[in-house]
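In what follows, chain A forms one complex with chain B and a second complex with chain C.
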Partner chain A sequence: MSDSSLDSLKSQWTCGKCGAPLEVASVNVSYLGSGYPVDMLVCKNCKRPLVPAELALGKMLEVEKLMEDK
Partner chain B sequence: MALISTALATKNKLQTGIPTASVCPVCLKRIPAARVFYADEVYLEKTCPEHGLFKTVVWRGLPAYPSWMREKIPNHPAQPFHQPDTGCPFDCGLCSAHRQEPCCVLLEVTQRCDLGCPVCFASSGNNQTLDPHLGIVELWYRRMLEAGGPYNIQLSGGEPCLRDDLPEIIRMGKALGFDYFQVNTNGLRLSEDIDYLKSLKKAGLNVVYLQFDGTDDTIYQTIRGRAILQQKIKAIQNCADLHLGVILVPTIVPGVNDHDLGGIIRFALAYQPAVKGIHFQPVTYFGRYPLTPRNEDRITIPELLRGFEAQTEGLVHMTDFHPKGSENSYCSFSANYIIQKDGSLKPIRETSTDETCGCHKPESAKDGVKRSRAFVAKHWTYHDTPKSISTSNLSLGGWDELLERSKSHHFSISGMVFQDAWNLDLELLQDCCIAIAAPKGDLVPFCAYNLTNTEGQALYRPKP
Partner chain C sequence: MDQTRLRELEDQCIQECAPPCAAHCPVHVDVRALTSAIATGDFQTAFKTLYKTVPFPEIIARTCNQPCQAACYRKSVGGDIQVAALELACIQRYDHLITKPMLLPQKDARVLIIGGGLSGLTAAFELVKKGYQVALYERENRLGGRLWSYNEDQLHGEVIHREIERIIDLGIEVHFNTELTPASVSSLQFDACYLGTGAGASNPFNLLTNPNHSLQVNTDTFQTSQANVFAGGSLLRPPSTIFSVSDGRRAAISIDRFLQNVSLTASRVNEGAYNTRLITNISKVDSVEIVPPAPTGYSVADAIAEANRCLQCDCMECVKVCEYLKHYGSYPRKYVREIYNNLSIIMRTRTSNKMINSCTLCGLCEEVCPTDLNMGVVNNEVRQTMVKTGKMPPSAHDFALRDMAFSNDARVALNLTADGSETCDYLFFPGCQLSASNPEYIPKLYQSLASVLPKLGVMLRCCGAPADWSGEQELFAQTMLEFKTQWLALGKPKLVLACTSCLRMFSTALPEIETLSAWQVFEAHTLFPASRQYSRSLAIHDPCTSRYVDKWQDAVRTGLDAMGITHHELEMSRDLTECCGYGGVAWLAHPELVQDILKRRASEDEADYLTYCVMCRDLLAGQGKPTLHLLDLIFGENLDQLARRKGPDYSQRHENRLRAKEKMIKLITGKEHPMTESYERYTLLLTPEMRVTLEERLILVEDVQKVIEFAETSGESFKNQQTGHTLAFFKPNLITYWVEFSREGDAWRVHNAYSHRMELEGRAS
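And now, the complex of A and B:
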């Protein structure tokens, strides 16, 4: 996630569970045995990550399709 | 209690074998059979009341046979052309009891061939049978659409490139709604007739499925009766020049080229980005072969996987491979990689613990065959530039590079074990997703169509 994209998202969201603001942190995103660290927004308190719809329905879906081939 | 019962049942099965059915290699009558375990080897055993006992190896060593199980929920043909009558394998075409729809259908557009290989599925060669005319080919396409197609198409033979009108056959299929075409070829014409290759590409050919048995001419001399490695290389170079993808298809014969598994993989990697993958085929004894096969004349899936690892100095690992979701899991293997900048191979999907325990839930065979068709169409074809479908500027870390390289640097190693009159397991046959269009447009599973007895008599393939 580019810094500017993260910054603009950061100001739009708070944690739905505890209401705390979000911060940038490295999150391990793994699927079917492979994983990479990804900079994402996470809740300062409970560390729940925010996965923007754009990412979930875009690149994450592409990864899912690639991994599930055959 | 349930656990103890299951354990006892498993033990008994291992001792007496898992019951299935097969045919007698001599008279082709349907007979009971069993998969019998001897330590880590598995044999298909069957007795014909008239012709005696037959015991054929189907699995040797690790990964263990039970771990390769990928159970599927059957996907019966939407529009079967036959109903079960005499029983499998005598009602093929497909019949309503078949458990998978086709992924790929082979069109044998000629029985002529410019090689006379000692081993040939189709017994092709100096065959004077007239090529099916375009009206017949159109009938095949239309029958496939009736059956539930379009499917992926493999133009086969004989040597399909002996037909000057092959581009016309592709164009006709395209016009009828078929969009993926591969040509199964020895590459001889493609090595010297660049205009012909251009016309195939222009018509819509996606990939050249090139018989490629090894990196040494002694192998071709033995298997194909001629030293033709240079023609193979020239055909690949021509495809690369035209940005046409190639799949190398080695027939692996124990004692002839099973030492060259690593050599074939390294060769394929040296011809990037044109060579999109390798599809190994252990030798099968139908059609034309020199002698009645012994067990030492067979190579099984685990032996290939171990061979890949042993012969590639760590480039490829046994654990990269998994059974496939479309056909019966004991028919095939597959691994997909992204070629890294340093030349190493990163497996896209490593086998998880869940996948090796043989205990995962049954999967939809319908989803499996759809994925398989889409996979072949997407990855067994040439891609000019790396391009992510997503235009998002949100980063997904290391996944971004994987996605970027997944098109232009995707590389697959897969293989399929065909079944002959000795190792035919009808349960596996019923899960088959490769069909051959018979002369009148029936869709007959590959191994049933090619099945021949010890006298060379076929169940389905017409006599030359």
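And now, the complex of A and C:
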């Protein structure tokens, strides 16, 4: 994800559980046995990651398709 | 699929077989390419095509007896193509293009050619090109032999001289006025000899002859009783210039092999004239009369007109009728190779997965194929292999398989006998999609059937077709076993079906079970309501799985007659019917292709359609084609509106199955049986656009409800400071669903929903 879209998400969302702000962290995403790290927003306390629509329907979907055909 | 199976399949597709003209031409002039070039006015390319196989183009064009015409597909629809005259038309314009062929470096071996007719000259030409030293002996004082017997108008001496000189000039040593005898031959030095002396000539080698005094010659290799002596031309057969050229060339191949000391016979199939396996369908070809050439030859316009009569013969029968085969731009012989390669790939990307999963498995290709090749069977077989070897993309069929699992879940499936007894004589099995599309018809249909069938039970579940279509053999077997166990417990009732796909599944997997269609019951017991009305004649769209099931097809037509409904046939009907795109789970693998399939089918007739499969109905109507289900005619009101209704979306289809079950329980037991899950408490507010988004992203209302339930009960979510929306995710199984929502009174408004398959594993470091 681009830094600017991470920034704008960060300014909009907070954790619904503990109210803490979000921070950028590297999160491992994996599919069919292979994984790689992605920078995304997570809750500062709970560490729960936030996957925005842009990421799920863009890059993630692309990688899913690629891995399925390997 | 192994190599052997691949070869068999490749061989079964005759698309690449030569057209009859090229096959019957003993030197295989590519007539199709020749006429195709002339048809566009490109005489130059046409000439090159001819000269590639014929070293004496004008002699041949003027004298050929045209064996190519023997099986020309144009013959019966206007007359065979005037090939020789078209050849002449090219020569007259482009003869000057002839260039000297490339000669291979000279070899030591020396070949003797006896006889300067066309076959000897061709052999000399072929051998000198290969680098052999060639000496030609002719008993007359000029070359050409029988060519000089044509009258000058047909073949002028000047043409004979010109075309022969061109060949002699390549470096052939010619001896005129020399008739070889056994004595003179024995004094000559040579490694091999070609005898092309014509009928009734002397036999300088004392070769063995047949009882009728003709030489004994092997018709495949042209070898005589003496290993290094070969013979051909009109000493073997009635004179024909083109066969002489063919013999000379084929004997030259043998001589070359003999001198190289390799097998004379290996891989020499279809070398001379042969019968091709290609079949071209001319049933829709209009007759067009021959364009005769003027005595001086064709004018440009006439040659183009005549060339345009050529049918460019090929097969392509399946590709013409199947949108899927057409979409990928080739034909089955190529496709099976591609599929095989896809299976064999280990490390690289398998690019044909989508292609394999886009076939509807409808079997129309087999019906139209002259050799009965069924790409559906091939694709299904390959899907099974992919599943077994773990190479099937998980997302390919997952949605359909989960839909099937839903239908067969204890919460949704139903198994009920009429009077609470353990067994029944008949079992009504409407199929999961009829319940999903039109739950209101299930009790009505049951009641009609029960009025004539004693001891009628009902079973609501999915027949297992999605598993079979996805190549999930184990899952399919397991689904069938579950069904069979229940069927046995019910006392082996006869199955009353309303869906031809269910029929296909049961009759292939459990052939011991007796089945009949609801329509046959209606037919036998005259249950069809009389005098129904529809404003126009309906065209019947038979579902693809009704192919070869005459009894169902007939019962539907009888029913329409009984109801007083005017109807007519589509050109592609009954055994030739087309799939709507639902078959083979193609709709999931390739939605854009399914749109093309539907457009094609919908545009085949102006009339509104009538069908007897709900999926066909919903898909066709979704495409904007007014389509009725047979049950609409039997039970429906306001048919015009029914024909235009869109089918329910995926979420509604789930809901409807539950409603069908409730209705049947109520009807048979009189009991209410409301079925709710905890997440159903979350009433959703969805705009029509949001419904479309969910449908496109294959997200069900229940998936959304589960996310909201999870967020509301656990608090695990994100809050948007500006909009106040909540964003949360839930992963019931393999897929993670995200929903952005907000509370509105007693309900939840959905602002966005999306999903992903990738798993979130927490922080990398």
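Basically, the second predicted complex is superposed on the first by the 69 of 70 C-alpha atoms of A that agree within 3 Å, B and C clash if a C-alpha of one lies under 4 Å from a C-alpha of the other, contacts with A are read in each partner's own complex, and residues count from 1 in each chain.
The definition used in the following text is that contacts are C-beta pairs under 8 Å (C-beta built on N, C-alpha and C of every residue); 3 or more make two chains touch, one makes a residue touch a chain.
Quick caveat, the model's predicted, so the values are computed rather than measured.
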Partner chain(s) touched by A:Arg48 [first = chain B, second = chain C, both, neither]: second
One more residue to check, A:Glu68. First (chain B), second (chain C), both or neither? both
Comparing chain B against chain C, which has contacts with more of the residues in chain A? C
Contacts of A:Pro37 with chain B and chain C, given as first, second, both or neither: both
Touching A:Gly58 in the superposition: chain B (first), chain C (second), both, neither? first
Does chain B (first) or chain C (second) touch A:Cys15, or do both, or does neither? second
Look at A:Ser5 in the shared chain and tell me whether it touches chain B only, chain C only, both, or neither; answer first, second, both or neither. first
Just to be sure I follow: which residues of chain A are touched by chain B in one complex and then by chain C in the other one? 29, 32, 37, 60, 63, 66, 68-70
Residue numbers of chain A touching chain B in their complex, please. 1-2, 5, 29, 32-34, 36-39, 52, 54-55, 58-60, 62-63, 66-70
Please output the residues of chain A touching chain C within their complex, sorted ascending. 11-17, 19, 22, 25-32, 35, 37, 42-43, 46-51, 53, 56-57, 60-61, 63-66, 68-70
Residue numbers on chain C that touch chain A, as the complex places them: 347, 349-351, 353, 393-396, 711, 714-723, 726-729, 736, 738, 752, 754-765
Seen from chain B, its contact residues with chain A in the complex are 324-326, 334, 336, 348-352, 371-372, 374-375, 378-379, 388-400, 402-403, 406, 414
